[in-house]
Structure formats: structure tokens, C-alpha cells
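Before anything else, here is the set of structures, which you'll find just below.
Both of the next two complexes hold subunit A, though its partner changes from subunit B to subunit C.
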Partner chain A sequence: MNGNLYHNRTAQWIIYIVIFALLALVPFVFDNPFTLNQYARYIIFSLTAVSVSLVWGYGGILSLGQGIAFGMGAYGMGATMQMQFQDPESDPIPSFMLTNELETLPTVWEPFWSTPIGLTLALGIPTLFFLFFGYMMFQARVAGVFVAIMTLAMLAAWYSVVYDMQPFTAGFNGISPPLPFEIFETSVDPYSSLAYWICVAALIILTLSTKFILHTKFGLIVQAMRDDPERARFLGYNVAYYQTVLFTMSGFIAAIAGILWVMITQYVSPTSMEIMLSISMVIWAAVGGRTSLLGAIIGAFLINLGQSYAGDEFRATWLIILGVVFIAVVLFLPKGLTGLFEIIIGKLSGSNNGARQSG
Partner chain B sequence: MAILELNNVVKTYNDYSVVNGFNFSVNEGELRCLIGPNGAGKTTSIDLITGRQKLTSGTVHFDGKNITKLLERQIVGLGIGRKFQVPAVFKELTVRENFEVALSEKRGPFQNMNPFSKKRGRKHFNRIIELAGLGSRLDSIAGYLSHGETQWLEIGMVLMQKPRLLLMDEPTAGMTEQETQKTSEIFKELKGDHTLVVVEHDMSFVRSIADVISVMHQGKMLAEGSLSEIEQHPKVKEVYLGTEGIN
Partner chain C sequence: MSVHDFWTPFSLYPFLNSLFIGISLASIFFIAALGLTIIYGAMGVINMAHGEFIMLGAYTTYVFQQFLGFPFLLCLPVAFIMLAIFGLIVERGLIRTLYQRPLDTLLATWGLSLILIQTIRLIFGGEPKYVGVPGWLDFQIEANFIHLSGVRLFIIIFAVIIGAVTWFLMYKTTMGIRIRAVMQDKEMAASFGIDSNRIYSITFAYGAGLAGVAGALFGALKTLFPDMGAGYIVEAFLVVVVGGIGLVGSMFSAGILGELSSIFSYFTNDTFARFILFTLIVVFLRFRPQGLISEGATRR
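For the complex of A and B:
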């Protein structure tokens, strides 16, 4: 469009497809189940970074509460997997409930006997919650740093709820379903290529459809609202409506990530709603480049890969390293690594039209 | 027939009244200049018309319809466009994208997700770009435009919406003489097809475009009339620079 190949949409789609193809081929490279499981986790974190990129990078809504949807999805999936293990006749109540002196299965757990209903709830409840929460915030025109504060406070509230409701959530210990997730009479071993591919497929489908939607006029309008919501409002747009839709979409993506997380780890605990995790999601997106979905994916992947490999030797200092990287990116590369890439490509293709956002 | 009518409009903050019983009406097709010293309540009046602020009392009618209590976007939907005092454009988007967003025939989020929707209104689109004189800057990022170009971009964006009434808050603020000249040409071209209310400080600009001038002072209408009438008006002289009059 303006000479910089970085902004060429065909080139963008090609890069996306190449990266996704590489991710899909990982099981052929590493046949170590442990490594494969690690990579599946990075894929899931990438998905949360995509949700941050969508809502923050494109919509200007700095949500520190992505963990709400992630955690709700995770608990929904945890309950579903737990009930797959329970037997309605001989063993209807999960053992952690028995130790918490519950004698009957709580009503909120009943629907999870059915896997389809359980999955629907695991996905539907966080999505509806984001719809409701987003509507409350945006119709009151909460913006900027106040969104960050409200989402953070809401996350902290939910964290306390799952932590304290021990008979229902197993509290601090969390729920560890004894068997892998089973669907269509197939058991999805967390260490298998199948589990990995499910995660990659979710990443590909969600990222590409998000990119597709962002390439429509809707994407242009939300970016306009990010730059100047007042101007958009006086062009006749219902800013709150758009923001709510965008926020709900990001909640939906984070919820799927939460569901996959439990499929891969067979464990869910309040850590899924810890503030540190939600802030990390923002850091991944920021480092990779929040105005690019692929940038966010790469950011999440690189940081988590770095954490795993540096982790053992630098366990104590990892947070400091991450903090320094984050500050460096904020100071020198406001658009993250993709911004750097954009500048380089721009120089190579002889365009000095300045940096701008793109898919 | 009056397209815009303000009746006894009052806006107070705590005990301090900014607009205090303001009566104002504009006829269809007119170009009205609204002038007045700083703090007279001009921008506040524009805010009250467009719904950005709510009236303490009084009514605003547009085309016979009471719009006093409507939301901003509903008022926009009826055909009132507004340019802000500090130019407001989408700084990270290109000029073309700014215009695309402004050409809002469909305003719902889901309608705008349809990738196959036909781009309509291209003739109008190109005409406005030509009018704003930004044909060569379409692929530039709006944040890199000069101040004058930013003002034209915003004027063009408002025009994209084909508003029946345009409210322009200081369109020439910060412009060079040539830029002001060009802006007055744009306005002369708009006159007749559109109804315009222009809030302005620059008297030479007002002279070059105005039919009727309204003078606001301390939240009230002070005087209204043609340029010469206003220039001779003793109260206006008093308000502006003591007794030296408008210069």
C-alpha cells in the first residue's frame, strides 16, 4: 500500500501461514513427549497473548483481567474432566469434596456430568461474563488506566472466590482430574501429538479468524476508537457497543486457552487467576508487539521458551530479566519486536513512511 | 425556516453559569458565524447542541425535533456533524482510513464485519477528498500531517457524513494565512448545500465568509446582524477590547 512490504496483506498472510506450518510440524521434530507438552503450553500462552493483542493493541483497552476468562474456562474444563472420571452409581462425588465434608454433589457441579454441556459452560460462562462486565464498564465510559484497575480488581475478586470456596473448587490445592480428557471416545493424552495439534489448530483458527475480522471495516473502526473515542462517537458510532464486542471476543479466546490449558496439564488451581499470570499475558503481547497478532504469539513463545531454558539456572533472577526486557521494549520499541521488524523491512523495501500498525 | 433552534439554554457548573439563557436560531442553508470573547460560552453551546454536555435547562430543536435529551450518536444520526476545537483525527490511521471510518453508512459492529459489503458512496468519497485537498496525502499517517492539513482532514471527515448541519469550532485556529484562505474557499463552496455554524476568533476569516454574525457574551446573545451592523454595535465594541471595537 505505501511501499513497505510489512503492510502488504498478501505478504502478511504468507508469513502467518509459514509460521503456523512450522508450529504444526513441531511433533515431527521433537518426539520427546515432555518437550511436546511444553510447546503445547507455549501455544496456549500465545493464545492468551492474541487475546491481549486484540483487546489492547487494536482496541486500546488495557485489560489486566484476561485471567478471569482463562481461569473460568480452566475451572469449567477441570470440572468436566473430573466428572468424566466420576461414576454416577459407585463414586458420584469427587474426593476433594468428601474431604471437605460435602455429602452430595453441589448443584453447580451437576451439569458437568455431560461433557458437551460442561464444555459449553466452560466456554459460555466466561464469554457471557466478559459481555456483561464489558458492557458495565464501557457504557459508563470507563477508559484508559481505569479499565486496567477495574479488570485487575475483578480478577483479584475472582481469585479470592475460587480460593475460598474450597468445597466447590478444592481451594488452594486445585483440582487434578485423574484421567486425561476424553472426547469422541478418544482419550487425549496431554503428552501426545494429538493434544499438541488440538492446541495448534485452536491457535490457527482463532488467530486467522481474528485477523480476518480485523481486516474488515470493524477492525478499522476499533482502531479509530483506540486513537480517539470522542471523535468516533461524534461520527455516530456507539463506542461502548464496539468495545464490548471486542472485549467479549478477547474473553472468548482467553477462555478457550484456559480450557486447553487444563487439557494439557490435567490440573487447575487458583494460579490460573493469579495477577502475575494476567500481567504476564500483557508483557508477552507488549514484547512481541501488541499491534500484531503474530507478534503477540511470537512474544509469548520466545519469553516462555526463554523462561524454560534459562529457568533452571536463572530461576531467582528470571523476573528481573523479564522486567528489564519489558522496560527496554517499552522505552525503545513501543511496538515490540514486530515494530523492529517493521522498521527493518521498511528500510529494505525503501519506504520511510514511518511506523504504523498492521495485522 | 429555522433548522436549529436553542431556547433559553442554561448550563451551570455548581453555581457558576457558563451559558445563561442563550437563544439562538439558524436557518437552513445559512452560514452563521458565532463570535465572542474567551469564556463567552461558544464551545459549551456547541457541546450542548451535540449532546457532549447536558443542558441544565432549556431546549434544543433540530429540524422541528426536540433533541435536548438525545445521545451524541443519535444527534449525529439526525445529521449534525461537528468539528472539534483541537483537531481530532485518528492519528495512527492513514488519511484514507480516517475518511473510510468517517463514511459511516452502517454503524453497527456486526454490519461492519461483513467482508463482502460493497463500498458505496465512492463518488461522494472522492469529491470530499478533492474538496479537502488531501488527494496526494491519502496514504500518509494522519499523525504526520501538518496542522492545517489535520484541520482539513477533520472537516472532510465531518463532511463524509453528509450532515445537514455542520458545527465548526475554530476551524482556522493555528492556520497560516494561506491555509486560512483555502479554508474560507472550502466554506464558501459548502454554503447553500449545507447549514454551517462557525465559531471563530479570526475576524478577517469571519469577514470573508459570514452572512450573519451572532455575538455571544457571558453566556447570552449580545447582538446579531450583518458584519457592518455588528462592527457598529456599541455593546459589541464595549465587550471587545474596551471601546476600541473589533479590529
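For the complex of A and C:
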């Protein structure tokens, strides 16, 4: 085995475990609740980048509509948390509905009285939507740029609805549930280590199970159809089926990210379905390395860290830098930072075989 | 909000007026999408920065009008030329290296749009800017059911002119024949001695120039913001993908989308109309990914 250490499965798992362990230890390093909350947000963004890496890096499907699942999950969670605050007897209607002259609770909001049902809907609806939407597209062999445009259009459509249905979604202002999320009779304070660990746990479980799935036969077929869908089809594989499953999986992950986002921010607004956010997810994955789940995570983390350090003052310059970096990555490093890493590791382990064992 | 408020019942005159608004919308869609169609049709390149080209056109007009005192009509060709030059630079510097990778072009041009928005924001600030409307356009048509401002009428007329000019260029000149030859089969065209790289440069510059003119016109209609391009880009894309490759397709799809959008808004409201329309388009594309009219070009 004289190959590139980068492709060594054991080494990969070790790196994953090391990075995840570092992330899990963050609450012991930063005692500041504000910083912890920020890091939880980066973790959630990393999760969205994982969903992009899965569908685009491995499946070759460029989805600009990850925000649909993210936003649906977020609104589902927002509704659940809002209804946890409401009282069925004395105060059954959220205040923003009253200001919008609703006298009764809309039927679509009724199920959110129950937290388990609310969570199921917050997760189930976006997943089913991606299943349906993906099936519709891939069955018709829509591919490449058209997928990008169709997902973008769908996202823009949902954005309009959420923005416009003010009595149901609080429109532009968004829903801000007054109390933290409560589950198993525990209140999850967004600034606590508990909330942070829930996010890290979600990231670890989802990333590792995704990586596991990608290592199975399913993962190989998916990558084959990314590289040449026509040939995969001629070999007898039902490409549409695999694409739909992959797309649904990515929607599922993005929906979980949306749910966690509201848990951490206690706020949901149409920005969760803005085009900018969904394209940012693609940028994170692209810069970090779309063909590596860990790369996507690191990309999301680094860019968001940079963004918060740039602050509001330098936001304009920061976005220019981001644009330049993004173009440079697309032009010269299609595999992102991990691609660079792969080359470097390859050089090192190629010239020195002993390095393989020590990694 | 009850169902009754949400659903506007039918009545003839307001409905006819909304059909007229539809024509106006269609002309805007058409002008916004024309440059994009040509670039996509000829090169298979999705230019995500097209909205920002429109924005640059609007700001060019603003600068020339405000600081150099150019009359509005003269600003249109100026915006065209400036953006065509800019388009040429972008094509040479960025797009050219990515012809083999359409998805990457989409992303790279999106990065470009980010840079353009922020640069303009740094130069001009985030406050709205205005393009002055010349006096002879400052009128309002008020016939029994038609309410139409002069600028909107001008845009409708201009859409027809610009469509006709583009049609002439594409179908009646040698250059147009070359462009269409490259569109249909690049290798075959090359074997007949057509320099496809040069054709691509010219096409991209022309498409960018059209975006510039579009910006000049939209500047007269609405206020200028650094991120105003985002307001046109999704609709422009949809016109292109629904229409398919080619001028006629874009004309039809802009017309249909404009009218449908206006009719849906009449019965419901603007944003909900957008939802219905976009959903319909997604469903339409599922059954006809090649768009309304495909000119027998290679499917991309």
C-alpha cells in the first residue's frame, strides 16, 4: 500500500474522530456563553454544508434549494416552540396572529400543540417535500444546470409564501418564541453547553452515518452516476432512484440543521429561505472541499469564523474577499481546501512511505 | 385575513387593466432575459452575474446622467457600450477558462456578482439612487381601463425594438449566422473556419451590453440599489429556461410569464402569484426540460 495517505480509510476515520473530539471539547475551553452560542451556529452551518457536500460533491446534483428544507425545518421548530409557550385555556393564540386579526388558531398550527408531533412535522414535511420534488425532477432526467435553476426557483417561491403569509408566519418579522425549547421536561437554554452538545451530537451522528452510507455499495453507485450518469444507466442502475434518495437525504440533514438553528437562536424569519443563505451553503462546501464531508464542515466553520471576526464594519470588504476566494477556488481548486490537502499529503506520503504509519 | 380578502373576485375592467400590466411586466422580463438567453443559448453558460450587469447598467446611467449631464436617451447606448466592454473583460478573464464546466461557471459568476454588489456598495453607498426620467416620458395614459405610465410604455416599445434588432442581427447578418452555427454545432462550425472563441467573446459582450441597456431602462422605472439585480435574476432565468434556446422562445415565455404573473396577482396578490407561477414553471420544466421552443440545438 503505497497510495496517498489521504485515501487511507483508517486515517480518514482517525481525522474525523480527532476533529469531532475537538469540537465536543469546545465548552471546556470557552466559558463564555455568547462564544458557545456562536460556535453552535457554526456547527449548524457545517451541517448544512454536509448536506450540500452529500448531494453535490458525491451526487453531482447542484442544489441551490437547500434553504427550502432548512427553512421548513426552522419554521416547524419555531411553531413548536411558540406553542410550548402558549396556553390552551388562557392564551391559545400567538400574539403576532392577534395583531394580524386572526381570531382562531389556524388549522395548520393545531398539530404544533404537541411537541413530538411538531418535531415530526418539522422533520417530516421537508424530507417528504424533497422526496417528492427530487422524484419529480430526476424521473424526468432533469440534470446539471436545470436542477440548479429549478431548486432556485422553488426556493424563491417558498420565500415569497413565507414572507407574504403574515398571519400564519409573522412575515418579514419572523417568529421569536419567548421561551427556550423544552424537551423531556428540560429547558434547553440556547447559551448552555447542553444546547451546544446537542448540535455537536447531531453533526457527529449525521456526518458519520452519511460517511458510512457513502462507503457502502450505495455510495459507490452514487459516485459512479455523478461521474457518468449515462454509463451508470446503461449498467442497469436506476439513476433517478439513487438521485432521489440522495436528494432526500440531503433535505433531511438540512431540515435537522433548520430545527437546531431555531433551538439555538430562538428566532425564525424568511432569511432562512433567502437565496443568499442557500448559495452560501454551497460556497462553504466548495471552499472546504465538496468531495469531503469533513472538508465541507471545516469550510463552513472557517468562513463563518472569518465572517464574525470581520464584523459588521468590514462586512462589505469581507464579502468581496469571499467572492474572490470563491472564484479562485472554483477556478483553481475544484476540490477545495481538502483537494489542496490531498495533494500535499500525497506528495509527503509519496516521498516518505514511513509517514503512513505515523499518521 | 379571510378567504374573501385573499381572493379578488372577477370584474371586467380591473381584469383588463391587469392584462395590460401583464404586457408591461412581460416587456420587463423580456428585456432582462434577452442578454441571458443569448449568452445561454450560444455558450451554454449560466451567467449568475447577469442581474449585477443590469445593476451596473443602471449605475452607469446614473453616473453619466448625474455627473456628466448626458440626456437619458444617450445614456442607453452608453450603458450598452460600457457593459459590453465589461462583459468582454469578464469573458476573457473568467468565463473562458470554464467552458467545459457549466456548473462551475454558474458558481464563479455568482462569486463575481458578490464582488460587484459590494464594490458598488463601497463606491456609492447603500442609499437609493435615482435616474432622472426625461420630461417627455413624464405622462400617464388614462383611458377607461388602462393606467400606464410613460416609462412603462417606453419600455414596452423598447422591448419590441430591441427584440427586432437582435432578430435582425441573429438572422440577417453574417455574424448572426456564425453565432447560430456555433450554437448548433461548435465542432462543425469550427471546421468551416469559424473561430468559436471569437464568437463566444462577441456573444457574451453583446449579452452583457443588453443587460446594460436593461439596467438603464429599469433605473428609470425603479430606484437603484447595489443589490437590485437580485430582483430580476430569478425571473430572467425562468424566462430563459421556459423559453428554451433562442429569441422566439424567450419572447413567448416572457409574454406568458408576464401575463400569468399579472393575472395571478390580480386574483390573489403579488407574492402569492409568484409562488403559483414558480411552482407551475418547475412542474412545466419537469415535462419539458428543453423549454417551449428548442431550435434543434445540442441538448446541454
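Quick notes on this structure:
Here, the second predicted complex is superposed on the first by the 346 of 359 C-alpha atoms of A that agree within 3 Å, B and C clash if a C-alpha of one lies under 4 Å from a C-alpha of the other, contacts with A are read in each partner's own complex, and residues count from 1 in each chain.
Please note the rule applied: a contact is a pair of C-beta atoms (placed from the backbone, for glycine too) under 8 Å apart; a residue touches a chain by one contact, two chains touch by 3 or more.
Predicted, not measured: the structure shown is a model, and the values here were computed from it.
Partners subunit B and subunit C, once the complexes are superposed on subunit A, both fit on it without clashing. In the superposition on chain A, A:D228 makes contact with subunit B only, while subunit C stays out of contact range.
In the superposed model, A:A316 makes contact with subunit C only, not with subunit B. In the superposition on chain A, A:H215 makes contact with subunit B only, while subunit C stays out of contact range.
By the touch criterion stated above, A:N32 is placed in contact with neither subunit B nor subunit C.
By the touch criterion defined above, A:T104 reaches neither subunit B nor subunit C.
In the superposed model, A:L331 makes contact with subunit C only, not with subunit B. Judged by the touch definition given at the top, the superposed model places A:N238 against subunit B, while subunit C stays out of reach.
Counting the residues of subunit A that each partner touches, subunit B and subunit C differ, and the larger count belongs to C. Shared-chain residue A:V161: touches subunit C; no touch with subunit B.
The superposed arrangement places subunit B and subunit C with a least CA-CA distance of 10 Å.
In the superposition on chain A, the residues of subunit A contacted by subunit B and by subunit C do not overlap at all. Within the complex formed with subunit C, the residues of subunit A that make contact are 62, 100-102, 133, 136-137, 139-142, 144-146, 148-150, 152-154, 156-158, 160-161, 163-164, 166-167, 275, 279, 282-283, 286, 316-317, 319-320, 322-324, 326-327, 330-331, 334. Remark: subunit A residues 1-2, 212-213, 215-218, 220-221, 223-224, 226-228, 230-238, 241-242, 245, 353-354, 356-357 touch subunit B in the complex. Here subunit B touches subunit A in the complex through residues 50, 52, 72-73, 76-77, 81-82, 84, 88-94, 97-98, 100-102, 104, 107-110, 112-115, 117, 139-141, 144, 154, 157, 161, going by the rule given at the top. Listing the residues of subunit C that touch subunit A in their complex gives 1, 46, 94, 97-98, 101-104, 106-108, 110-115, 117-119, 121-122, 230, 234, 237-238, 241, 269, 271-272, 274-275, 277-279, 281-283, 285-287, 289, 300.
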